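Chain nomenclature is as follows: A, B, C, D and E, assigned in order of appearance, with residue numbering initiated at 1 for each chain independently.
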Amino acid sequence: MVNRKEIRRKSRRYSCLVLPPLVIALILSFMSEYFLTPVNLGNLLLQMTSTAIAAMGITFIMIAGEYDLSCAAVLAFTAVLSASLAVRSPFGAVLGIPFALALGAGIGFLNGWLISKFSIPSLVVTLAAMKIWRGVALWLTGGRTVSGLPEVYCFPGCARLFGVVPVSLIILAVLYIAGQLMLSRTRYGYEIYAVGRDAEAATLSGLGVKKIRRNVYIVGGILYAIAGLLMAGRVGAALPAAADSMEFTAMSAAIIGGCALGGGRGSLVGTFLGVLTMSLLDNGADLLQLSYYWISIVQGVIILAALVIKTQGVQKRQKQTESLHSDRVK
Amino acid sequence: MVNRKEIRRKSRRYSCLVLPPLVIALILSFMSEYFLTPVNLGNLLLQMTSTAIAAMGITFIMIAGEYDLSCAAVLAFTAVLSASLAVRSPFGAVLGIPFALALGAGIGFLNGWLISKFSIPSLVVTLAAMKIWRGVALWLTGGRTVSGLPEVYCFPGCARLFGVVPVSLIILAVLYIAGQLMLSRTRYGYEIYAVGRDAEAATLSGLGVKKIRRNVYIVGGILYAIAGLLMAGRVGAALPAAADSMEFTAMSAAIIGGCALGGGRGSLVGTFLGVLTMSLLDNGADLLQLSYYWISIVQGVIILAALVIKTQGVQKRQKQTESLHSDRVK
Amino acid sequence: MPAKTYIETSSEKMKEILRMFGISCRGTGGMLLDRLSFTLGSGEILGILGSPSEERRAIGRVLTGQIQPEDGTLYIHEQPEAFPDVRTAQEKRIFHISPDSRLMNHMDLAENLCLIRPSSLVPHSERVWVKRKNIHLLCEEYLEECGVEADPYAYPDEYSRGEQYTFLVMKAMMCGAETVVLDSIGQPFLHAVMEHRDLIEHMRKAEGAMILIDSHIEELMYRCDRIYTFREGRMSGSLFRDEYSRSLLMEMML
Amino acid sequence: MPAKTYIETSSEKMKEILRMFGISCRGTGGMLLDRLSFTLGSGEILGILGSPSEERRAIGRVLTGQIQPEDGTLYIHEQPEAFPDVRTAQEKRIFHISPDSRLMNHMDLAENLCLIRPSSLVPHSERVWVKRKNIHLLCEEYLEECGVEADPYAYPDEYSRGEQYTFLVMKAMMCGAETVVLDSIGQPFLHAVMEHRDLIEHMRKAEGAMILIDSHIEELMYRCDRIYTFREGRMSGSLFRDEYSRSLLMEMML
Amino acid sequence: RRQKDTEEVSGITIGLLVSTPSNDFMRALQDGAEAAAREHGAQLYVETAYNLEIQLSQVRSVLARGVDALVIWPYDGDAVASVIEEANEQNVPVFTFDVKAKGCDVTGQISTDNHMIGETAAHTMAGFLYQKNGAYQGKIALLSGPFRMTSHQDRVEAFMQVMETEYPEIQILVQKRMEGSEKVIDVVSTWAGMYGGQLDGIYCASDYLTASVLTALRQKNQLFPVGDPDHLILLGTDAFPAVVEAIRENLVDGVVAQNAVQIGREAMEAAWEYLEEGQLPEKQRYIPLMVITTENIDSEEVKEFGIWSDEYRKEAKDGE
């Protein structure tokens, strides 16, 4: 007895999200015969893993109605610090990965704590966090790349299961599926959406709004750390300046994927499609030998278009139902 | 019959703003004998002109309750395009400067129009604008620096009046004084604060909220263009990748200078002090041969500290007057 | 109970300022206004009496363009006019004061009253440069004239909510309001505002008119020259001062 | 007019659920509550009658920790308790429903009722994984039991505001509420909620109690077992059902 | 951070402005210069910058403190002119190294001849292709750093020119400018898929790119030893440690080596010489370059030329 209206609603929403990557993929498959080869598609997926996982963290945070500008900095910092640990000793190599995860969680907690404790806007806290952690990463390494990473540490980023399936893709898939299940099938997911949609109502309903917000930052921090590990593993080195301006890429992907700045909207499926859109553009640039500058322009246009279309739709609907009610009942 | 309470209020606020640059300056003057030399102080001021003017634009926009991430991109784009025009012909050299200003105004208008027309959050619009204009700047030049700029074009950025006083400093001073007068002494200023403080009440009072918001983006665009001109003039070349991540520096300066993310707060005096803080840190890094990474960390910490202190103060005051009223009367 | 619906167009002694004719508008909850019509004369204090939870506030909002009606015409001085937005409504001298209206707490009273207005209504001397002395004097003068005691240098939040509404009414009059709508601000606040006799006198002298929208029968009975009762989106009746009785109004309203 | 102030501690037949004693709290506008005391018995429907613009809503807010009082004690089942926040209030089975309370419009009814609760009150089977079938069945069952007609798959905004308040009350009961405070939701909505006889019966059977805060004399007279009148921050009187009269209540309230 | 108050103070101060040591080459440049300064007992102001604006402000503040000479690695060859002019106005001699500054007058410029590097690379690449295909023909790809690095620009220009005029049969399939090394992996992966067996070789205008290309190929399992029929010819520039190692492992065909430590050292020597003598024999000083291949890597010749990455490593170890 699932609601028909809901199905229609959802299918309309998803068609909007599927369209951009589909159109780009179609164009690319016409313009380049290499596009649809398994090798290229494999590359495409591999290239997007880090961004996709970072964007997943941003999605959680944006659904809960907050921002995070520190994404890329935390990614670089955790990668650099854990890599430094890993290259020091065989013992460190084993510890490197759990250490990175713990570090990510810790930084996420710190962000969340500052935001909820002092009620500072998350944009400012994470701006400061961005400056601090990027600075610490550069300072600790003196700006140098940490290379010569041990194999254990690189495993998640560069190994292939049975020599075929990249481990990083498996991690990506597992995380996205688990995350999407969590968002749509568990109570925590319902709570995150509720907090993002209407924090006041959530408070009055007895939800622990501050705690939920703090938790999404922790989840975000762990995901950034994973993204950093995968990137370091793939590149074979940890760069303190890595993932430069990835905060924007990840945020753009989440926005294209349906996250709203006000919170309460978005899904991992959408974000994945958003990241896919961005990666297809990158891949297209490589295949068609376009310069990267073009890509930046096209990305900007897609973000704008996605939002204009969305708000146009909302405005139309609102006009139909506009009333005194709307601003009271909310 | 000026209100005493107001004077106390203001003096407390300003002392909070003056403290960070003062403390840093004191420390520097103890730690480096070169700090207080006229040459160094002159350099310090000259180095901050572009950032200060860009931060001025951001301040206008933040007071009106909006954001702007496109600042640095617009700066680079207007500089590169007008510089390309300027190097083509002597005629173009004369036209370069007005062209840059017009371009800045046009881009600002576009941002403001998109934001008010479609009610898209300004963060997203300017994120898209950032990608687009940076992309266009890089694409038009192919990533190459535009050099060999004619003297007329460089005049504002590098000339010195009577061979002593840099023109750019005069421009900076004139703009800041005019801007501060406008904010605190003209009706437009009052309107901008009103819109930022409480857009709904402003609408119900008959202010043209959308128009006012659009106008601050135009002002912002023009200021970015000026910042770009000064930077190009000083460097003697226009770089499409110029002012990388200046949006963050300018925003940080504005926040340290007392701008609130919600809007309605801040002043150019404050922003100037904020920019000064940032520049002193940079200068200190040069003088004490500290690495820049340190500076990034210190900046982050100062931003956080400024906000924690501010919100602590607010929370204390709120506790005193907390009531049912507070959330009703607003 | 059959509603008495004798809506007259204009009484002899007063000029018509404003007329709404056949206004309909719809909300999520159904019809808000249903072919609503009424007339406002100069110097008049008009009451609109609606029981709690009737969507009375739609009237004021339609009048100042906060919601657009689906149907109907608005006449100002017997000329049909487009339904405006808040700003043009104020330029046409219609001011709406509701629980959403408020002063800016970061500006003092004089700044609030003299500057936060549509640009065309700002005093000519303050169009560009604000002379603070000027506006404080202007404000002080006006406060005295209207018999309201307040310090132009004080911030609005130093006053009670009732006084703040009074300031809003005074601001409307300073802007040359012809019609002031006091919309559901609540009986005690309405009372607080209307207690300022000089203010009301001032308005009457300037041939302005007031519309009081409320659910409190006595409040309106004591103050209004005429009362419309509002029920289910339309005017269910109209009485002049000499016709009032509590029970009659109650009957017409419910 | 001297207020009748015979506050009794407990009647014979019913157990005391909740008692507030000497609660004071202050706001910008002055005293909100001034040494306020009252008692609530099990199975009782208690009315608190306060005229418009009295800060009646402070009572409910203090009870659920949305504002902290300066003084006074709260007893639950005759045990002194700390003043909680909303969540722990709900865990102590006190639910506050005010005009600020609302359901989430992006979730359907069943999800709203079963999931948006403090974690300790979520049904054990849904603590981690949500089985949508489960909660819809649960919700349907409950709706039937309470005699409320609604589709668990529908979204809250498809229902009127009155029905939404009914759902909120039902949710409180599903969470095992002992005390439900219906705080100033407005007479028509209060009426809409209280019309669900089965819902009220259900509550009475579970030895729960209700506090209705309103300004509408009749509404409270018809429904409440006992009425306190609230004036200037304290209880200005208390009457049992057999003592009610409109004029007496009016006198005590004003 | 790295103020070197040396044992024997000569009373001469020199400003050394370099990029952040994000790769070994940069560090080697800096180390070479610092070592030379140490030997002469000059006091050094060392500043590292990660973007142009910072470098400009660093130059100005170093000038403000007063130095006898400036030794600069220009962050952007086109855009440092303004500060160099300022130094000239203050009669502070400026020595640029590795990257050339355009549009201004410097006292000395010390670098490898980047045109020569490009030409040598072109001939070397052609030689490798001849070995592989039996003729001067084949398809290659070209990777370089961004425009602001004039050294890369010169190399690429010369490379293309030689290919065009002398080896018309060799086709440059694709050319890309890259800022960092992260993206290189993606690009090479895409090329490897796209051009598959067509591609005969890749020329990298710097070895931070070569190292990333190696990582990419290794991940794709397409890294075959030299001589294998599937081997992709790799020609690097600079001789980074990772690339030298790869040559020893027979994975990279060769590298047009320049001696980073020596460039840094010579730059400082030139400054010293100028300050002592009051003039330089020639404004432009070139450091020799050498092609190191799998064949000659262990030869006497190469040992004589010196592999900077080995020296630098030794020094780094000594330092620890």
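Assorted remarks:
One rule holds in what follows: contacts are C-beta pairs under 8 Å (C-beta built on N, C-alpha and C of every residue); 3 or more make two chains touch, one makes a residue touch a chain.
Quantities reported herein were computed from a predicted structural model and do not represent experimental measurements.
Seen from the Cα centre of chain B, the chain whose own Cα centre is farthest off is D.
Chain centres computed from CA atoms place C at the largest separation from chain A. Chain B is reached from chain A by a rotation of 180°, derived from superposing Cα atoms (nearest 5). Each chain gets a centre from the mean of its Cα atoms; for chain B and chain E, those two points are 38 Å apart.
Chain D has its Cα centroid 43 Å from the Cα centroid of chain A.
Spacing of chain A relative to chain B, judged by their CA centroids, is 30 angstrom.
Among the residues of chain E, those touching two or more other chains are numbered 20, 48, 50. Counting partner chains per residue, chain C shows two or more touched chains at residues 28-29, 157, 161. Touching two or more other chains at once are residues 138, 142-143, 325, 329 of chain A.
Against chain B, the residues of chain E that register as touching in their complex are 1-3, 20, 45-54, 56-58, 60-65, 76, 78-79, 81-82, 85, 102-103, 146-148, 177. Those residues of chain B that touch chain E in the complex are listed here as 34, 37, 39-40, 43, 46-47, 142-145, 147-148, 158, 231, 234-237, 239, 241-244, 282-283, 286-287, 289-292. Listed in rising order, the residues of chain A touching chain D in the complex are 1-3, 6, 185-191, 193-194, 197-198, 200-208, 264, 325, 329-330.
Interface of chain D with chain A (complex): residues 86-87, 89-91, 96, 98, 100-108, 111, 115-119, 121-122, 126-130, 136, 153-154, 157, 161, 164.
Residues 20-23, 27, 48, 50, 174, 176, 180-182, 185-187, 189-194, 196, 212, 215, 218-219, 221, 242 of chain E touch chain A in their complex.
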